[in-house]
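Each of the two complexes below includes subunit A, the first together with subunit B, the second together with subunit C.
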Partner chain A sequence: MTLELQKPRPIWQIMFSTHHTDVGLLYLISSLTFLFLGGSLALAIRAELFLPGSQIIADSMTFNRIFTVHGTTLIFLFIIPFASAVGNYYVPIMVRYKDMAYPKLNAIAFWMIPPAGVLIWLGFADFTWYATPPYSIISAPGPAADMWIFGLKILGISSVLGALNFVVTILKCKHPDMSIGQIPLLAWSFLSSSLIIIVAIPTFAAALLMLLTDRLGVSGFFNPAMGGDPIAYAHLFWFTFHPEVYVLVIPAIGMMYEIIPRFSRKPIYSYNSGIFAFVMLSLVGFSSWAHHMYATGMSFTEKTVFMVGTLAAVPASAMHVFNFVATMWNARIRFSTPMMWAVGGIALFFSAGAGGVVNSAMPLDFTTHDTYWVVGHFHLFVMGTIAFGSLGFLYYMFPYVTGRLYNETLGKIHFILAFIGTVLVFFTQHILGLYGMPRRIYDYPPIPEWIAMNQIASIGAMIIGTSMVIFLANMIYSAGKGKLADTDDPFGLGGKYYYPFEAKNPSH
Partner chain B sequence: MKFLFGFLLIVAVLLALPAVDFVFAAGDEPGKYLDRRVVIWNLFYKMMTVAFTVGSVVSGTIIWQVWRFRESHPKAKPTSFEGTDW
Partner chain C sequence: MSGHSNWPEWIYVTVVIALMAWVGAEAWEAERLVEHVPEDAKTIIVTGQQWFWTFEHEDGTKEIGELHVEVGKAYKFEVVSKDVNHSFNIHDYVVLMDAIPGRVNTVWFAPDKVGEHDIQCREYCGLIHYNMRGKLYVEEPSH
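Right, the complex of A and B next:
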């Protein structure tokens, strides 16, 4: 059993280690730091939108900078590194190997993240996480925009290196006695999402280079004044970032596949359908990118193809939900904190998916395009599904990492407040979108319905913020002073479930 | 099991039918979309009816499971896998 915090070591020993759990711990700490940084920007946005007119943010440019860095931080510096933290801890153990396939490469992939984060935060660009051209080429102030581009470039390389490592570890380093059809679904989720990264990211890497050379004035790929086409950038961007949605959500579902059977005290209902659904999601992720672009003048045929491609994700997603529901059937479920997050995550995953089906229907997409409906929809995914799965798993792995138990009551309060807050913010934002409020605006007219719904959303955000303070206090206090955990069975479920027979990978 | 598969089949049909309608509700001509506002909102309400129906069933099932299969429920009994290395 690897207990990171029970035997204190000099910090440099962890920082310069290439052992998978040390690198996992570094990913964990860095991703949680960025979670709080990005989350504090979200609170600033919601405080600003509490009422029409200027509240706490001086001008619209600053507001644009805040939501750009908020989105970039939480997607690239929290969600993806957090998944890498979980993968680093569990994948080698699950495939019964001593470490990741390339330990040094693993450490390098992590150490690319802090400089990238520094570039993004010191630059504080203002052109949205989409780097909207032609604004990003012609008018976006430098060096912020260039720092953002370089930051994203570094993060892309880090993601690809990490993904290659996971693929090789799972496919080539798994124990010879173990077939690919025997590795746990969490490891399968990492295999699926890593393959998506390897296929998808190079396209955006090329787009970033083209954006940079356009900004330098040596090319005009996306600059209409030089004969370029901003829509070409949209295709390149969404070819990467629609599949990237699945890169974010698939590991979170994999984490639920670890938690739900464990706390239901029975195996997953259908292991094979879980694998099938992961593979399906990985494939259809590439058949739906242009549904983000219905409003760009695509032909009817193109729109129809992408609409059907998008809807193809529904059966695979439904298979996961069905699998979870069937697993919990006739079980004896212990609702410890991780299980509460996982079950809450399933409910919100379903709601977010239902909203996605509406988005994918092209006539309706024109009604909701660039409104708060879209903001509510994707936040319900990233917060309600991905963050819920991730936070649940953080509680699940807490005894494994620290050797101590977190405070169960505080964990449950954290979940309840976060669930209420999430529903208040993001369900309300869907309705706000139907009332016509555009996204990415700093101020809005004093329409009573808009004011009321913005206030509900802002109050919800404050509730989430409060829950995160409780979470932080719980983590810090329990890591040092929490009760010692029975590391074979910290949740009292019976059996050994931290793969202890393989968890003795020596430090090196 | 048969009931569940039948139910899922009905849900699939309910989802597919409005999707076909949506395809033909959209035109190619720019500027025509606003003229079709009534049709689009009508489809939206149909879609929402399906979404809320399916959502209620799924959410209701999950809520009932949380209540019925919790370990403190009077009828809770150990699963056949407890105490084994599954």
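Right, the complex of A and C next:
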């Protein structure tokens, strides 16, 4: 894996390559670029909300555009492509195949991302990442909304192509000596999340087309003025995007399954329960979508069904947590940077899950729905769990990708600051939600509790921002000038434990 | 592949399932009570539009941005929208119901103390969503 970067090559050779590690590198660089772009928008939002009144953002339209593009960027242009980067590097090696099953398709799937990113960023739409009709049909301004729709369309096709490639690589190209029950849990996580993508995404793809024709005025699927129903969009949207939550979180859990046994210097406590929990999550993920819609006037029976469907996901998630804790139990753990991120990520995953139980309970949801509680809740997943798992894995794969070691002290400082910041921002936002502050608001009345909580959250965001600057400096410096890594055992774990790098790979 | 016995995990998963069943049952019971609208509840039609709330009482009087109700009585809100989605919210009384064009959603409450409370919109509805606010005045009965 390190070979590709150690031989200097002209950049176009990497760009036009179809080799899985080259495509993985492209995914990695573009997803990190969008992480920093989307993250800086988050800092703008937090700076604006530091005090009531207008701070740094001139008007509410700009603010609405900023949080829309912030959410869209980090979900579709950071989290998903980052998982694809990891999958591209590791899945073929883990199933002992020379490349992805369809290398050209793989490169095509990647190259759909930059134009989609450009469309979303040049358009800068304002109708939230949920593009809720009828606002998005009758009220959202101009080409921005249409550019967003086309951008998402392209990204949807890209993730379906990527997912097909992972499924075929894992099921059809794995080494004949390996049974499906022997591939590592990271590969299993890609198998489950890719299958969810293939089932879930087409629904939203259809909804996007309907939204577009509604905007053009030639149809009225979601436009009440033409006899349509906005709630139909909500169902189509959440049928895709509640399972999508598991598409985002499952690869991150898979990355933790790679890190935690390695740094605990123990085999995973139960490989089978890991697989079972992945499969369970990908199934029950489809039974809970309308828990996002309790307040839209659903009947008591509908709400009950979706509450049960939501609670059913909890035991499977809890099995992952148990598996991690049981693996670390009585282990000789080495707390290198990747391990710190993984353990921190599990703690926040547990907190996020506990908060989710509150949301799913019907009467309590009416307190938390569409308040900052929800913002805090899902950010504990996307930031606390998924970004933590991803960043930990980035540190973990860094020596294999670059052949060099990152600076361990800076890596730990990055983790500690980011962890403190995450707790300050997102736990506080839960409390803010209980005080009743709605989400997606540009300004708020000067209620003392709201001001205090917003200020704590904003300070936390600035701490995260600082940690990310340290991270960027560490990555750039270490990639060029870092200490050379012993790629057989870069973290000094004793070398007894299986690194995927050592797997037999016929073409390397 | 784990060859060892896995009983701690089974106990743990059973505990989690039991906890979730308990949460679900409590929530089901509470929601069933909350959704039961008292028969003597007075109807108030709540209309959301960009970016203010209009309230129409049973006797036909209309209020904009302010809602006056009497303490100790039950009220049923019929929440409608004239343009895009909104969400009618009196956070202090956990009243929350989306205003969706083309639909009539109902929610009820019975204020138990005299006082002032904030009314706000909790579903994103565009430019002035942040300031789509109102005031609820709970007053002593006039007669």
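The rule we apply is simple: the second predicted complex is superposed on the first by the 491 of 508 C-alpha atoms of A that agree within 3 Å, B and C clash if a C-alpha of one lies under 4 Å from a C-alpha of the other, contacts with A are read in each partner's own complex, and residues count from 1 in each chain.
Quick note on the criterion: a contact is a pair of C-beta atoms (placed from the backbone, for glycine too) under 8 Å apart; a residue touches a chain by one contact, two chains touch by 3 or more.
Note that this is a predicted model, so its numbers are computed, not measured.
> Quick check on the superposed pair: does A:Phe322 touch subunit B, subunit C, both, or neither? Answer first, second, both or neither.
Both: A:Phe322 reaches subunit B and subunit C.
> On the A-aligned overlay, A:Thr128 touches which partner chain: subunit B = first, subunit C = second, or both, or neither?
second
> Which partner chains sit in contact with A:Leu208 here, subunit B, subunit C, both or neither? Use first/second/both/neither.
Neither: A:Leu208 stays clear of subunit B and subunit C.
> Does subunit A have more residues touched by subunit B or by subunit C?
On the superposition, C touches more of the residues of subunit A.
> Considering only the touch criterion stated at the top, classify A:Lys303 as touching first (subunit B), second (subunit C), both, or neither.
both
> Figure out whether A:Phe350 sits in contact with subunit B (first) or subunit C (second), or with both, or with neither.
Once the two structures are laid over each other on A, A:Phe350 reaches subunit B alone.
> So, A:Ser270: does it touch subunit B (first), subunit C (second), both, or neither?
second
> Considering only the touch criterion stated at the top, classify A:Gly436 as touching first (subunit B), second (subunit C), both, or neither.
Only subunit C is touched by A:Gly436; subunit B is not.
> Counting only touches as set out at the top, which of subunit B and subunit C does A:Phe366 meet: first, second, both, neither?
both
> When the two structures are overlaid on chain A, which partner does A:Asp229 contact: first (subunit B), second (subunit C), both, or neither?
After superposition on chain A, A:Asp229 lies in contact with subunit C alone.
> Considering each complex separately, which residues of subunit A are in contact with subunit B in the first and with subunit C in the second?
297, 300, 303-304, 307, 311, 314-315, 318, 322, 357, 361-364, 366-367
> Using the touch rule from the top, collect the residues of subunit A that touch subunit C in their complex.
It is residues 60-61, 64, 126-128, 132, 134-135, 138-139, 181, 224-225, 229-231, 269-273, 295-297, 300, 303-304, 307-308, 311-312, 314-315, 318-319, 322-323, 326, 357, 360-364, 366-367, 369-371, 435-436, 438-445 of subunit A that touch subunit C.
> Looking at the complex, which residues from subunit A come into contact with subunit B?
Spelled out, the residues of subunit A in touch with subunit B are 264-267, 297, 299-300, 303-304, 307, 311, 314-315, 318, 321-322, 325, 328-335, 343, 346-347, 350-351, 354, 357-358, 361-364, 366-367, 494-496.
> Can you tell me which positions in subunit B touch subunit A when the two form their complex?
My answer: residues 4, 8, 12, 15, 18-19, 22-23, 25-28, 30, 33, 36, 39-41, 43-44, 47-48, 51, 54-55, 58-59, 61-62, 65-66, 69-71, 76-86.
> Within their complex, state which residues of subunit C touch subunit A.
On the subunit C side, the touching residues are 1-2, 6, 8-9, 12-13, 16-17, 20-21, 23-24, 26-28, 30-32, 34-35, 50, 83-85, 87, 89, 91-92, 94-98, 100-103, 105-106, 118, 120-131, 133.
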